[in-house]
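What follows are several structures.
In the two complexes that follow, chain A is the common piece, with chain B as its partner first and chain C second.
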Partner chain A sequence: MTTETLTAPSNAVAARRRRTFGSDVSASGEPAQWALGGALALGIVLIAGFLLLVFWNGVATFFPKPIVALTLTDGSTIAGPIRRSEEFRVPPNELASLPPPVQALIRDDGGMAERQLIQIGNFDLYNEDFRWVPSYLVAGASRPRDLVLMERLEWGPFVGRVKQVVEDGRPLADGDPLPTGLDAVHRKARDRWQQIRRIERGDIGVVNHDIDGIRLEVRRLELRHGPDHERVVAARRAAEPELARLRTQYDTLAAEARRLRQEDARTTITLADTGGREKSMRLSEITRFVPANDLSLLGALGVYFDRWGEFLADEPREANTEGGVMPAIFGTFVMTLMMVLVVAPFGVLTALYLREYARQGRIVAIVRISVNNLAGVPSIVYGVFGVGFFAYLVGGSIDQWFYAERLPSPTFGTGGILWASLTLALLTVPVVIVATEEALSAVPRSVREGSLACGASKWQTIKYIVLPRALPGIMTGLILAMARGAGEVAPLMLVGVVKLAPELPMDGFFPFIHLERSFMHLGFHIYDVGFQSRNSEAGKPMVFVTTMLLIGLIFVMNLAAIVIRNRLKRKFVGAQF
Partner chain B sequence: MNRNLLGVAVVAAGLMATPTFAQGVDPKLPTYRAVSGVSGNLKSIGSDTLNNLMTLWTEGFRAAYPNVQIEIEGKGSSTAPPALIAGTSNFGPMSRPMRAAESDEFQKKFGYKPAVVRAAVDALAVYVHKDNPIRCLSLQQVDAIFSKARKGGGTKDLVRWGDVGLTGEWADKPISLYGRNSASGTYGYFKEVALFNGDYKDSVKEQPGSSTVVQGVASDKFAMGYSGVGYKTADVRSVPISAREGRTCFDATAENAYAGDYPISRFLYIYVNKNPNQAFEPVRAEFIRFIYSRQGQEAVVKDGYFPVTADLAAQDLKDLGITVGSGS
Partner chain C sequence: MNAPTFGPTSYHPTKGERTSLEIKDFNLWYGAAQALFDVAMDVQVGMVTALIGPSGCGKSTLLRSMNRMNDLIDNLRINGAIRLEGDDIYGPAIDVIGLRKRMGMVFQKPNPFPMSIAENVVYPLRVDGVTDRALLEQTVERSLKAAALWDEVKGRLKENALGLSGGQQQRLCIARAVAGDPEVLLMDEPCSALDPIATAKIEELIDELRGNYTIIIVTHNMQQAARVSQNTAFMYLGRLIEYGDTKRMFTNPIEARTQDYITGRFG
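Take a look at the complex of A and B:
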């Protein structure tokens, strides 16, 4: 355009017209600006919308909802928190069975009516936990103060009234709405229950661990020398008194647990649903009383945070639909950390060689392309590789050499947290290599040359000049790898994630970190609760809360890495020329 | 094979006073009492239908034996036999009986057949959206809806709700189909019984879990899907099924499953590696005794399945060489 204007000044007018018509817009880049801005806006809206959806559903889950008691037109009553409501078209045959004035009302609404999903609870009495109630069947609704939602260890929540609480044979005096002194008695019952659990899990666990250790020691000798060798016989004889001592210890502990259980059984509670059906149980089986209609805002917030506390710190119950997710948080955290520990040196060393030492040529180019392509391999393929190579081949061999006394039950020859971390490390190593290479190539040539000119060797230059400057970029790669690794589920299902892991991968028994153990993972927990649990309706809020938690965990881990990176950056900013 | 086994249950149930089954477990089942000397580690690999149930049993069992460690992995019934054969698991829960090929493979390695525990009764329900007015379907209709082979003898492919007799807004809407993936025992069993071994239509949306099928049907007004009855929610309805065109339709309830009236009911199995010439080690024997106790069968009810009868429990325990109520 400019050349035209210069070469043909006589046509300046026409040229200007053409210019204003065609060139101004593209020259100022307005369409591109709009497109770029639009793409960014779309991205932000999608991400914000997704986060909003998760947080909106997740944050409100634990807040106690009012319990509504509905009297139905047939005289029966049901009660429970309202989960959601919707409009629906009344089926013709049902419409015909309704009284004429109701029919007319529905006809006026175009045949539509409203219905509400009530969480009626009491699964042991009703065999269902949720029920849809059309509004035309409701004769009256109220929120009685004495209706309580009770969270239980088994069978899900109970919605109803507290009839009677008996402590050690003495009934508590009636109160409003809960019996007086219930709080203290309940706390005592729960403490006792915790104590039983401590004995059974902790103390008895230690005894069993010791017994198992002795058994394995004898078995190891048996395998080495044959079952009738004198050393085996001697070891067996030597183990006898120790075993006897442990068994007595076990008996004492078990008796103590039994005594506590009997004591526990003497404090009972009788509940009644709105229809008057009663149910008795031990008081310690109830984890929480939520008199939702009688709560002040402060009380409601108390319940809210108490539930959060349980969710974060407790073990799951009832096939993972209730209780907490502590083992899953722990498993996710430990696995991601181990993955970073493996992937960081592995990826950085590879990139260092590729960028600094290898002669840039066809082979290096092929290697580089292959690494980039690795990032596109579906993650489930890594899972298959992990279970085939790590678990079965490497793990199987380790078992045969070092853990023969435990066979046929595998130690390392099955999925475990070590194999899961290694598989994820493989999965994320391309990210780290690419990021590290970028960071290394961004270190100015002049800096390297300066260092070499001062007489430093190549390795000294890399160690003291290049690496420190590339570190922030390398950290960025690690952060990306960590985020990808922590959110990955598919390959983990093959290499060690389980629905319910009986033990954490870290505990108080030597060697404290048990890399062979299978573990629980937040991502898998989401999949399990959302898609595998019996009651998907009850599981849905838990899915949102767990998702929120997983996002939060990744956010915190990333934040930590970013803070470290920024400190490093600042450290080297001053040292630059 | 399955129906023959259920026949046994029918006889067993017939001997009992049937009305006691409403929701509770057979009162003749013994209450479980812990015995001493039980410890060890157990691992279960198999059906995802039984995943929750295994977890519930584990929780109950661990209350009695805090020292026992049990790990559960559930990725589908087909994963159970290889794990049992490789010795990586102690229990192989399956929602269908082991195929001859799988059991032969096992026998080749160990020289005897795997032992089986019939742990619970499940009815496969055909689910529709809660607003769906359909009252009854015959097995032939179900076959013609889900299968392209129509081996059940249906004459006409059923694709729209109008084809099964619905009117109004439903008549011209296509039936949207949901089902399980092929690793699942539910997939295999439904194919065997409801599809008469014919192939599924390509339009069946395969889901990774039983609960996903129910959620799919709940969110899709014109949907139909099959899953275990335990996964029912308030958003879906199970359709009563008749064994043949024109017969009475029966809903998927415990009574109908026991009586053999509901045509798609099955046992849920747990396979174990047991040498017939040796006794069980205590921990596995006690776990099986726990399953057949009142607490164990209460867990079955809790998970939405139907408990087995005391007679069947006694029969299976005898076959496995476990003495009934040795601990009580």
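Take a look at the complex of A and C:
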């Protein structure tokens, strides 16, 4: 009797189930699906839009733009590539000065008119690089074939015509639009300029380095024994012939550089702007001729890739708005690599102890929460800590003990690539710890037990079984850390990034890797070019190109890490039963 | 109906040459909950001993107490003793790692390591620091042959063990367990994740390994216990109810609960 009541189907429940089946919106989950899909779509649109903006502007920057010559209503002419155009509201006092028909036209447009931003160049003549030209001031426009944009070492580009090129007192024959044989002469001039640079920066640099080394050696002895100790005196005397030899070498090199400079000064170029104002300079000061209105598509592409080559391989000029970003690429790469090398063992060891050895109790829970919270500390705080602890405290002590002879100029006691890497390692270590802990806890208990049952100790089990198995997950953490670290700028500004680093952190001088040196960084470069330079208009395209490059660099580094991770995954996780 | 009386009962199993594992009045608690009550039995050397009983009766716990796998669990408390050839495995002088080296263990789910087949087999030797190539190769062949896997994998010893089928993986785990030349082989439901063909192979294998090793096998499958074991222990609610010769247990059980269980009336 009782069993029957329990097992008999309840009609009310059955009826209810039939009624609601398939018709209830909240049960079918369709709105949720729309919301999920919508969220994804929104994310994709934002990311794609951002990438498109960066890439479009970045890719187009180096393509030569046509040079437009404008005749203005007052009879003067200006020329240059058009950067962009926009609608603007004409100021009342300017409006009043215009002829009545133009005034009427502007009034019809609601007081608005169009204007174009022309890169007029010739900063040395005009004291400005860019000029807004309202359309009502333009009487006529043309694209003369003989207008050339010339990129220079100083003063920014020159827009105008080549009047005359003189090589060793002999003028070159006129050509169209550039004098005949200019290419060869220009290359020769540039080679000579490179040679001067090599002597002044390279060879003389080596001599200076050697002289400095001798001076520091003597100073070290002075600090150890006192200034009048016999060994110091002996060392000073012993250094004399070497110093004399180096000084002669210096003089020879300096004379050679002087001779080359004089030779260089004999090859000159005379330029004229559209108004006819002339300007003479050494030919070697011009880095590139771009006859933009006279270029075939192939020629334009040649200029385009040549500019890319310069950008990737050269040092910056003109407050970073021209030239290349090679030191910044190098700095970003080396710093990120060093950061990973530091953060990987540090984070993994910490996580191993936390997960495998520590007694899972209140203290470990507190440590874990604190680690997670560290990920939320503003990065600038890490920068402050880095400069205070690493640079001043640790670096200052290192200077006192090992580089006393160089004081008061600091060696490690100031920002440098080592301190920057350590600071970023500290910043990213929570990510690595959390990811590693996740990866360790995902290693199945059965495999650990299998190892222990074979008579392996706990450490052997971790070494042979757990770590290899967790490696892909740990790599994921490192990839995240790397992406975060490579894109970080704020803390770096305090611990070693500079606008313009005189030397790379690696060079030919012993010990070849100079961890104490300050360095350049693509992220800081973006900030500097975009917001700190004399001429933000000139720097704007560089912001996009540099951003593109930074994204590209991080992408490549991530890709490499992902490839390694997938290889490990195939090896260690494989097809699970 | 009378309240059931549970006592530590041992009904003289088929004797081997000597006792391998001697379990005496063994009690075990997970925190406050007692999982084993006064278990006492003598596992005979060279025999296959099956532990049967319904889920949660403590057979796996008892098995894992024998090589101290339960040490990994917090709040575990025991009293009583388990002796392996006379050595108290919970004694203060015992080296747990050394103890585990004397016992091989095969788990419910095949758990090959993410390494090559050969490396899997010689893992117990690797942790002992053996680097002698000849010895390692010899062990690979001997163990795989013992686990009846040699013919199937001899051409691909360098391949990842995770590419093997489930049954092969389990036999690989058996090969690994015997590679260290243990005295006792503990098997925790080794066939529960396998299909009937793979199960038959493993059972055959157990039969072949008998004599060389003392085997203790936990199983849910009564037919399997009947087929492979010489002695059977029936456990219920953490107590050893009946322990004795398998044939006798399955034909003529002494305890009513054993009878009920093996005839399928509960469990």
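Convention: the second predicted complex is superposed on the first by the 533 of 577 C-alpha atoms of A that agree within 3 Å, B and C clash if a C-alpha of one lies under 4 Å from a C-alpha of the other, contacts with A are read in each partner's own complex, and residues count from 1 in each chain.
We adopt the following convention: contacts are C-beta pairs under 8 Å (C-beta built on N, C-alpha and C of every residue); 3 or more make two chains touch, one makes a residue touch a chain.
On a predicted model such as this, the values are computed, not experimentally measured, just so you know.
Among chain B and chain C, the chain that touches a larger number of residues in chain A is B.
Looking at the shared chain after the overlay, A:G455 reaches chain C, while chain B stays out of its contact range. Within the superposed three-chain model, A:F123 lies in touch with chain B and out of touch with chain C [touch as defined at top]. In the superposed model, A:I214 lies in contact with neither chain B nor chain C. In the superposition on chain A, A:I398 makes contact with neither chain B nor chain C. In the superposed model, A:V447 lies in contact with chain C only, and not with chain B.
Shared-chain residue A:I465: touches chain C; no touch with chain B. In the superposition on chain A, contact of A:N535 is made with chain B only, not with chain C.
Look at A:V364: by the touch rule set out above, it reaches neither chain B nor chain C. By the touch criterion stated above, chain B contacts chain A in their complex at residues 23, 36, 39, 41, 43, 48, 51-53, 55-56, 58-59, 62-63, 66-67, 69-75, 87-88, 90, 130-131, 133, 168-169, 207-212, 214-215, 218, 230-235, 302-304. Interface residues of chain C, counted against chain A in their complex, comprise 67, 69, 72, 97-98, 100-101, 103-105, 107, 109-114, 123-124, 126-128, 160, 162-163, 165-166, 169, 173, 176-177, 180, 186, 193. The part of chain A that touches chain B in the complex is made up of residues 88-89, 91-93, 117, 123-124, 127-128, 130-132, 154-155, 200-201, 204-205, 207-208, 211-212, 250-251, 254, 257, 317-320, 407-410, 413-414, 493, 498-503, 518, 530-537, 539. Considering their complex, residues 444, 446-447, 449-457, 460, 464-465, 468-469, 571-577 of chain A touch chain C.
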